[in-house]
Each structure stands twice: as C-alpha cells, then as structure tokens.
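Common to both upcoming complexes is chain A, partnered first by chain B, then by chain C.
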Partner chain A sequence: MAEQLLQVRNLNVSVEDTELLHGVSLDVNAGETHVLMGPNGAGKSTLGYTLMGNPAYHVTGGSIVFDGEDITGLSADKRAQRGMFLSFQTPLEVPGLTLSAFLLSAMRQKTGKPVKIFAFQKELEETMRLLHMDPSFAERDLNVGLSGGEKKKAEILQLLMLRPKFAILDETDSGLDVDAVRTVSAGIEEYQKKRGGALLVITHSTRILEALSVDYTHVLVKGRLVYTGGPELVDDINEHGFERFEAASAAEKKQ
Partner chain B sequence: MNITVNRLPDLTWNRLGMNYGVIRDADNLLRQAAGIDTTQEGLEAGVSYRRIGREEAQRILDAAPAQVPEKIVAGKLPIYHAQRFATGLGGDYDAFVAGLGLDTELLEVAAGERPEAPVLWHVDFYDSSCAVTQQIIHVGKNASLTLIMDYSSAPEACGFAGISTKVILEDGARLHLSKVQMLGRGYLHTDDLGASLGAGADLIFNQLELGGEDVYVGAQVEQIGDKSRFTSRLAYLTRKKGSIDITYNAVQRGRKTESDMSFDGVLYDSAKKIWRGTIDFRNGSAGSVGHENENVLMLSEDAENKSMPLILCEEEDVEGQHGSSIGRLADDILFYFGTRGIDERAAEEMMVDARIGTVTREIPDAGVRERIGSFLQRTV
Partner chain C sequence: MAKAKIQEVDRSLYDFKDDESHGFYRMEEGLTADIVGQISDEKHDPDWMREWRLYCLDLYNQMSVPDWGPSIEGLDMDRISSYVRSKSDMKGDWKEVPDEIKNTFEKLGIPQAERESLAGVGAQYDSELVYHNLQEDVAKQGVVYTGFEEAVTGEYSDMVKEYFMKLVPPTDHKFAALHGAVWSGGSFVYVPKGVHVEIPLQSYFRLNAKGAGQFEHTLIIVDEGADLHFIEGCSAPKWNVANLHAGCVELYVKKNARLRYSTIENWSKNMYNLNTKRALVEEGGRMEWVSGSFGSHVSYLYPTTILKGDHSHCEFTGITFAGKGQNLDTGAKMIHIGKDTSSFIDTKSISKSGGISTYRSAVVIEKSAENAKASVSCASLMLDSKSRSDTIPAMTVKTNKADVGHEAKIGRISDEAVFYLMSRGISESEARAMIVSGFANPVSKELPLEYAAEMNNLIRLEMENG
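Moving on to the complex of A and B:
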C-alpha cells in the first residue's frame, strides 16, 4: 500500500472575510504526481499557498495532515522543514543575497547542521548544468535581473537541491517558451523519478505535463474540487476546456 | 558650542527637525582633538603621499575645477553652501577641523597614471581617542585610482573619530573610493566628503557605516564638468540608542552629467536615523540624469526613521528619479523565505547581510571584505 503523505480534509479558506475555498479534500501519496487544473480565479494558487502556510490565507475549517502530522497551524518555515516546497509563479527578487548563499542557508535551516561546502558546490554545478543554467547565476543576486524563464529554472534548481518530499508547482510553465518548458520539465522529471518526490502541479496548460507521469488530475471550479480523474483528463480538458465542469458546478450550487 | 552639519539645500518645515543636524558640546572635542597616524599600502609609481600645511592645501583646493561659493539665504531661496570647496557636513564642520590646525594628508595621482592595485588607507583609533584626520585626494587628468579607507577600533572602545576628505578629479579622471567604518560602539563619528569633478570625471563612492554610536555622514559632489558621473552606495547599521545623520548632495552643473545614489540601512532597537538625499540640477545641466534610491529595514518598533528625498531643478531638460522602501520585512519576503525552511529571525539576518553585502562586494580587496565579515559576526 502506498505511503500516505498529504491528507486535506474539508478545507475552508478565507481572505479578508471572503471564503475562497469550500470543503476541499485531497489525498496525495508519496511519489505521486497530481495535477490541479481549473479556470482563472478558481482558487488553484489559493490552495497551493494555503497548503504551504501563507498567513494571508486563513483556514476557517478542515485540516491538513502531512506525513502523519496535523500541520494546519504550522508556519511556512516549519512546513518546509518537514518536507514541503512551493515553486512560485512570480519568484521574488532579493538584491544583495546570492542564489548560492540563499540555498546554503536554506539547507542549513532544513538539516540544522553545517553543509559540506565542496559537496554542495559540486551538486549545485551539476544541477545547474541539468537545467542549462549559466553557472555564474549562482553568485548573482537571487532572481535579480533574470528573465522569467531563468527565474523558473532557479525555482526548480532549489527544488532539486532541497529535496522536499512534496512540492507544489504554481504555474511553473507560465510565460515560458518551448525550450524553457522542456528544460524545466526535465528538472521536474528528475525530481519525480530519481528523487521520488510527490507533486501537485498547478497549471493552465498541458505543455509542462508532456514529460511527466501523471497519476491524478483534479479540477477546481469556484473554490470547490468538482472532479478527480486520471491522467487522461488532462487531454480531455485540453480539447474541451472547463465548460462542463463549470456547468456541473453551477448546477450543484443551485441544488 | 554646537556644530550645525548636514544642512538641507532647501529648507522644509522646521518642526520636522530635518533641516540640519547638530553635534552638541563640540567645545570638548575642539579642546581634546588631535591628529592621528594613518597608514597607506599599495602606493605604486605615479601615486604620491605626503603631509602638507594649510596654505598648500588651500592652493590645491583653489585650483580644483571651479566651485562657486554661494550665499546662504534663508526663506524663499535655496540654502546653498558658502564654502569655497563644498562638503556634505558643511562650513561649520570645515571650520571646526580647520580650527584644529592639523596637517592635511595629500594623495596624488599624476596625469595619465592608472595604477592597478588599490591603495589601502587604514586608520586605527585607540580607546578614548579624540582624533581627526583630513586628506585631499587629487587624481590628475585621465588618471585613475582605487582607494579603500577603513577606520577601526576595539569593539567596546569609545571616543571621537573625525574624517574630512576632499576629492579633486581633473578632466577624464576616475576614482573608486571606498570608506569602511568599523569603530567601537561608543564612538562619535563624523565623516565628511566634498568632491569636485571635471569634464568626463567619474567618481564611484562606496561607504559602509557599521559601528559607532552617533554618526554624522555628509557628501557633496559638485559635478562641474560636462558628462561627469557620480555613483554612490551607502549601507549602514544603527543599533541600541545609536543614531545616524546622513546628507548626500549630487550637484549637477555640467551638461549631460549622471548621478546614481543608493542608500541601504538597518535600524535595530531604539536607533534613530535621518537621511537627506538631494539631486540638484543647476543652470547649465541640460541633458543630465539623476537617480536616488533608499531602502530602510526597521527591525524594531522603537526605531525611528526620517527621510527627506529632494530633487531641485533649475533646468527643464533633466531627468530625476527617487524610489524608496521603508519598513519591516515584507510579508511576501518572509513567506518566500519560509517556503525554503527559513524562519523570520534567520530571514532578517540574511536580509541584513544582503543590505550590507550590496556595498561590501563592491570593495575590491578580499582582506577588507573579510574584516567586514568578522566585524558583522562580532557585533550583529
């Protein structure tokens, strides 16, 4: 039996008195890849941010259990230390802090131990090579002056270096050209296959999924998970859009 | 006796308490202050160092690219400087230093000389010292120099450390000047800079104010020649009951001049900070561009920040910009760091390092950068 990693039960989430997620339940087992799709404004990023513990999103009901522990009340750093990760749609720029120094600090915080610098640098170089990143970016300020594609690669670089058990990828493919999507996909595939990580991939498009082995696809409409299917659902949505799910959601709401 | 320093070039509401800074009870300083030995390393061929008397110093300053003393007129007209060679802290401080009757240290680079190695200029202030040092840095036509000045003392030392630096860049000259202050936590520190830039001259100025208790920093850069450039990066840490009072004036007089000033600071505990940053486009500065940017990270509810950005224009064909970010660490930064397992305290430490790091990395000497790292580890 697959090892249970994430259990979300009847999650209600509000921002400034407006409820954005209504009774969302989701199970992710170790090593599985889940895709979360939905029209604009459905609440996909809200779910990702809530799972990761963004304090702007208030859980007003339900629970999040990760690796057997109820983490509903934990801060983002505690969740990350337990093995969660979020790749941002718009990564922040931090002048004065290099990518390598940031990663090194994150690794120290995670393990609570000193990091062996030589091994760290070797792994960093290899991972940057995999992602076709200019090695000089490691010593440049975090995300400062990088193109959209390079920023997304830097996020996947962090994913690979930090080796979380579960990663949420929030629109990692948005704004990327075909080559960049291919490179980023290769990085995610590496995480999925060689590092055995579980994924929740939030996406509008299907390009990033072509290289990935998907286990489940979920459709979120107006803050509710309205349908869960297999990997074939991705192609179906690609062809027919979200119309039938939106109609079903509207009908359900009327009842 | 009080010394009025860091006058704003154009008065604002007096009740804001930002028009100028005051060094109180300067009589004691005047009675006790003396000169101090300094050391210089890396003087290559074409670079000379010597001590000179008051008359010779004045002759050199008089021969600088022309500065015109301006009358101080309160009221509707701007309050311009009245110094023959303008500095940031201003005329009262200049008179105070002159009153001590000290020699001036002169560092000169002959025309056309471009030594590769930086000159390292070190001043070691001992505990309870009350010392002042003044220097003229004169870079000849089409010459260039990298100069790193650092001031340090024992961590717990107290006293008074006064610095007065006047820079003359002839046409086409370039100076990369770094000033690093790592004084003990009880020091009163004053650091004054005046610079006169000829045509096409280029001044890059990095300043780190990391120690001391009460700090007064002033810089006035007169961009007299056409196409002269001024780039500055100041970073500071102010802790406990300490204070820092900062004035930077980029006075752009020549055509197509450029200035770019950035200020990054961290305020802890009940620290106080006043910053005045002025881009001053004068008649004749058509086609000039000026930018200034201030970032203040406030790590305590009790810290006090006052900021006065100012852009003055006597020309229409100029472009001036100001940007600022002041406050605690933004929630989005804390969340981003959090998603990597970094808690709030560690995030704050990293952001402090980042603020200082933007200037530290511009200092072209590994030994000095290492000393800055050690100082920060010891004090923050």
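Moving on to the complex of A and C:
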C-alpha cells in the first residue's frame, strides 16, 4: 500500500465572510503527482494557500492531515518544517534580502541545524546551473526586479534546495517561454523522479506535464472538487474545456 | 578572523551599568557660574575657554527650549549633574585602566575592536577620556587624534581656537549654548594635506552615571586632498532618571578632501538626545554621512552640511528606529552655496509599538549655487497601526538653474510577504525581522561589517521589544 502523505477532509475555507472552498477532500500519497485544473476564480490558489497555512484563509470546517499529523491549526513555517512547499503563482519581492541569504536562513530554520556554507554554496551553484539561472541572481534581492519567468525559476530553485516531501506548484508554468518551460520541467522532474517528491500541480496547460508522470487529475469548479480522473483527463479538458464540469457543479450545488 | 565577533542578540550587551560608587565623584546638580568655573579648573582651561564657557552659560540662561519638535518637558536640567567623571587619567595602556571601566568597555567590545586593528580608540567614560590610543603608523602620517581637553591645552590649541564652535555657534539653540558651557571630552582629529587614512578612526562615547549629561565635542579637520573615515559609536545603559546628551560635532572638509562620518547611536530609552552635527565642505570636497539612530526617549538630530565650495558634494544615508515610548525627530539639512554642488539624502525610518519617527529635512539652494543638484528620498516603514511616521521635507530654491527631486514612501510590512517567507520554514518573528533588515539594508551596507552586524542586532532587539 502506498504511504499516505496528505489527507484533506471536507475543507471549508473563507476569506473574511465569503466562503471560497466548500467541502474539498483530497488524498495524496508519498511520491504521487496530482494535477489540479479548473476555470479562473475556481479556488485553486485558495486551496494551495490554505494547505500551506496562509492566515488570511480561514478553515471553517474539515481538516488537513500531513504525514499522520493534523496540521489544520499549524502556522506556515511549521508546515514547511514538516515538509510542505508552495511555489507561488505570484512570488513576492523582498528588497534588501538576497536570494542566497534568504535560502541559507530558510534552510537553517527549516532543519534547525547549522548549514555548512561551502556545501550550501556548491549546491546552490549546481541547482542554478540546472535551471539555467545566472549565478549573479543569488546575490540579487529576493525576486526584486525579476521577470515573471525568472521568478518562477527562483521558486523551483527554492523547491530543490529546501527538499520538501510535498510541493504545490501554483501555475509555475504560466508566463514561461518554451525554453523556460523545458528548464523548469527538468527541475520539477528532478524533484519528482530522483527524490520521489509528491506534487499538486495547478496548471492551465499541458506543457509542464509532458515530462512528468501524472497519477491523478482533479477538477475544481466554484470551490468544489467535481471530478477526479487519470492523466488522460488533462488532454480531454484541453480539448473540451470545463463546460461539462460546470454543469455538474451546478447540479451538485442544487442538491 | 580579523573581524570583531558580534555576539548573538543579547540586550545585556547594550544595557548594563557599573557601580558608581568607586573612584567617581559627582558635582552638585543644576548649573551655575560656579559649576562652570569648576569645570574650567578641572580641565585647566586656557583663559579664552574659561571666558567662553561663561559666555555660553549666559546665552543658555537667556534662551528658551525649542518648541517645534517633540516635547522635552521631561527634561529637568536642575536634576542633571552635568559633569561626572572617572578619576582615572588618560590611558594609553589597557592594563592601567581600572577594572570597573574595563569591564564596561569589554562588554562594549572596545578591546576587541582594537585587536581588530582599527586605527585608534578614544573611548570616553562618562565625561572624561579614559582611554586613548592611536595606532603608530597613523601618527607617523602626521595625523593628530587626541582627546578634546588635550587638544585645547596642547600643541594644537591655536587650531582648536580657530575652529571650535564656529560651525555650531552657541547662539544656534539652547543646547548648543549649554554644550559650549559644559562641554567635556570628545575627540580632535586633524588629517594633514594629501594624507589618506586607510583604516577608520573609531571612537566610543558612553554615558553611565545616573542623571549625568554628556557633552562631548568632536572637531575634525580634513585638510586639502586628504581622506578620512571616522566612526562614532554610542551606547548607554538604562536608568530611570532623565538623561541628556547634547554633543556637538564640527567637521571641516577642505578642498578636494573627503570625509566619511559614520555613527550608530544607541542611547538608553530615557535619553534626551539633542545632538548637533555640522560639516563645512570646500571646493571639490566630499562629505558622506552614515547615520543610525536607535534608542533614546527623544531625539533631535539633523546633521547639516554646508556645500560652500564649487563642485562640493554630500551624501547622507540614515536610518531611524522608533519603538515604544520613543519620539525620534531626525533628518538632514543641505545648504548649497557653491556652483555645481550636489547632495543626496536617502533615509529610512521605522516605527513600532507606538513609536513616533519624524523625518525632517531641509534643502536650501542659494542663488549662487548654479547647476546645483539635490535629491531627497525618504521611506518609512510602520510595523503596526499604533506607530507613526511623518515626513516633513522642506526645499528652498533660490536659483532656477538647479535640479531638485524629492520622493517619499510610507509603507507597512506586507502580510503576504511575511507568509511567503514563512512558507519556506522561517518563523513569523524572523520573517518580520528579515523584511525590516532588508529595508534597512541600504544603510547597513554603507557601514563596516562589524557595525552593520551590530546594527542588524539592534534591529532584531527592537523587533523583539514589546
């Protein structure tokens, strides 16, 4: 039996007084790759934020269990320390904090152990090379002035350096040119295949999925997971859109 | 490693005091001609200085306290004994410094700093210079670095007389007059023509005794074509009686000379810091200020630069951190007189836990200052909704051949950015500290490494304070 990693049960999520997710359940086992699709505004990013513990998103019902532990009430840093990661749809800029200083500090705090600077530098250089990132980016301020595509690469760099067990990639492929998609895919593949990391990939396209082996595809419409299928569903959606799921969602809501 | 070791965040590094009882004495509190005369006696003032002090005392008694800035009502001059000093004399040898004083300096890292081969250490304990050492190779270059009393009575007394309180006249404001009457301690630096001092000269000032003021005088003359970096560091222990700091810094940058003056002030939270700093820059000269203001209850601090010579230039980089119970009124002033003069002001202010931080600047471009360029940029970061940050920039431009620019930004820490850092395993408090340190980075990167680290520690301490 596959090792259980993440169990989301009947999750209700609100921002201020608006409920955005209505009873979402999801199971991800260690090493699995799940794809999450859905129309704009369906609540995909909301689910990603909630799993990662963004305090603006209130869990009003249900639970999140990670690695056998109920983490529903844990703060984001504690979740990260337990092996969760979120690649942001729009990564934030932090002036005055260099990418390398940030990563070093994150690795120290995440592991609670001192990090060997030399080994860190070497790993950082190698990972940047894999992602075709200019080494000078390490000494630039975190995401400040980076193009959309460069920011996404920087997210994958963090994924590879921080070595989580489970990563949510929120539209990491959007805004990337053809070559960048290939590079970023290679990075994700490294995480998925060589390290056996589990993934929840939020995407609107198939390009990033070509290199990855997908186990399940979920469709989220208006805050509900309305359908779960295999990898073939991705192509189906790309051809036919979300229409039939939207109808299903409307029917479900009526009940 | 050649750098001073910076300890982990530890408030006790900055907050400690010695037992006052040994080897110290205290004069009557309050200020009279008698007391001022006693100071002159103690210091063996030459006649001109004796008269000067009394003249300043008169002015002091006539002038009223400033009413345009933060309130200084809590300051009661009658309770401040203006002159407390250690009985030890100037020491060039660390071994001879009394243990009590040594402990204080040890905690402040002075002996370490010296080991780190800084050029000279003039450390002031209370009002008296107790320890003074100038590295030999610097002295060989003809550089003079002495305690101020020594300068007044010694070989360079004529030079001191020529420059002392000419840039900051006692008529300027009440606390300048007070300073003129009771000044004690401080440094005198003269860098001869063409001499480049490669390593920074460093001085530590420190207030210790209860209710004691500190009135140190710093006079620096960088002669033509010479180059100097002077670092002034301050920290003081915490006492619950009002404390006053009314120091005075006068800087002369001669033709084509360069002076960088870096300060991190970290006064105890009951301190009234009413400090006056001014620079006069001649043709082609270059003045650089790097200024970090931490601590104190109330601060008035606006280093002023007079760009007198053509093509003279000044840069001011500053940061102010106002926490609980603090009202820090800081800024900079640039006066352009010469042609083709340029000035850049770049300041950051942070306020937290109800602290008030006001940035006040004035740029004056005189009619003579054709083709002058001035730019002012100030950013404030408020860490909560209780705290306040204001900017009061003033520009007076008397020629139409000038290029002036001003930019102000007021912001808060973004919750999204905090969440972003936390999602990488960084705790909330650390995430906030990292964002604030990042905000302060343009200032800390101007400081020597050990000072930048100290400043980051101070920021962390302030972030932790409720």
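Assume the second predicted complex is superposed on the first by the 255 of 255 C-alpha atoms of A that agree within 3 Å, B and C clash if a C-alpha of one lies under 4 Å from a C-alpha of the other, contacts with A are read in each partner's own complex, and residues count from 1 in each chain.
Just so we're on the same page, a contact is a pair of C-beta atoms (placed from the backbone, for glycine too) under 8 Å apart; a residue touches a chain by one contact, two chains touch by 3 or more.
Note that the coordinates shown come from a computational prediction; the quantities given were computed from them, not determined experimentally.
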* To do: Determine, under the contact definition given at the top, whether A:G68 touches first (chain B), second (chain C), both, or neither.
  => neither
* After superposition on the shared chain, which partner residues are touched by A:F88: those of chain B (first), chain C (second), both, or neither? -> both
* To do: Would you sort A:A80 into first (chain B), second (chain C), both or neither based on which partner it touches?
  => both
* Please write out, lowest number first, the residues of chain A touched by both chain B and chain C across the two complexes. => 52-56, 75-77, 79-81, 85-86, 88, 91-92, 94-97, 102, 105-106, 109-110, 158, 162
* List of chain A residues in touch with chain B within their complex -> 52-56, 75-77, 79-81, 84-86, 88, 91-92, 94-97, 101-102, 105-106, 109-110, 158, 162
* State the interface residues of chain A toward chain C in the complex, per the touch definition above. => 52-56, 75-77, 79-81, 85-86, 88, 91-97, 102, 105-107, 109-110, 141, 158, 162
* **Residue ranges of chain C touching chain A (in the complex, touch as defined)** => 414-417, 419-428, 430-431, 434-435, 437-442
* Could you please specify the touching residues of chain B with respect to chain A in the complex? => 264, 331-333, 335-344, 346, 350-351, 353-358
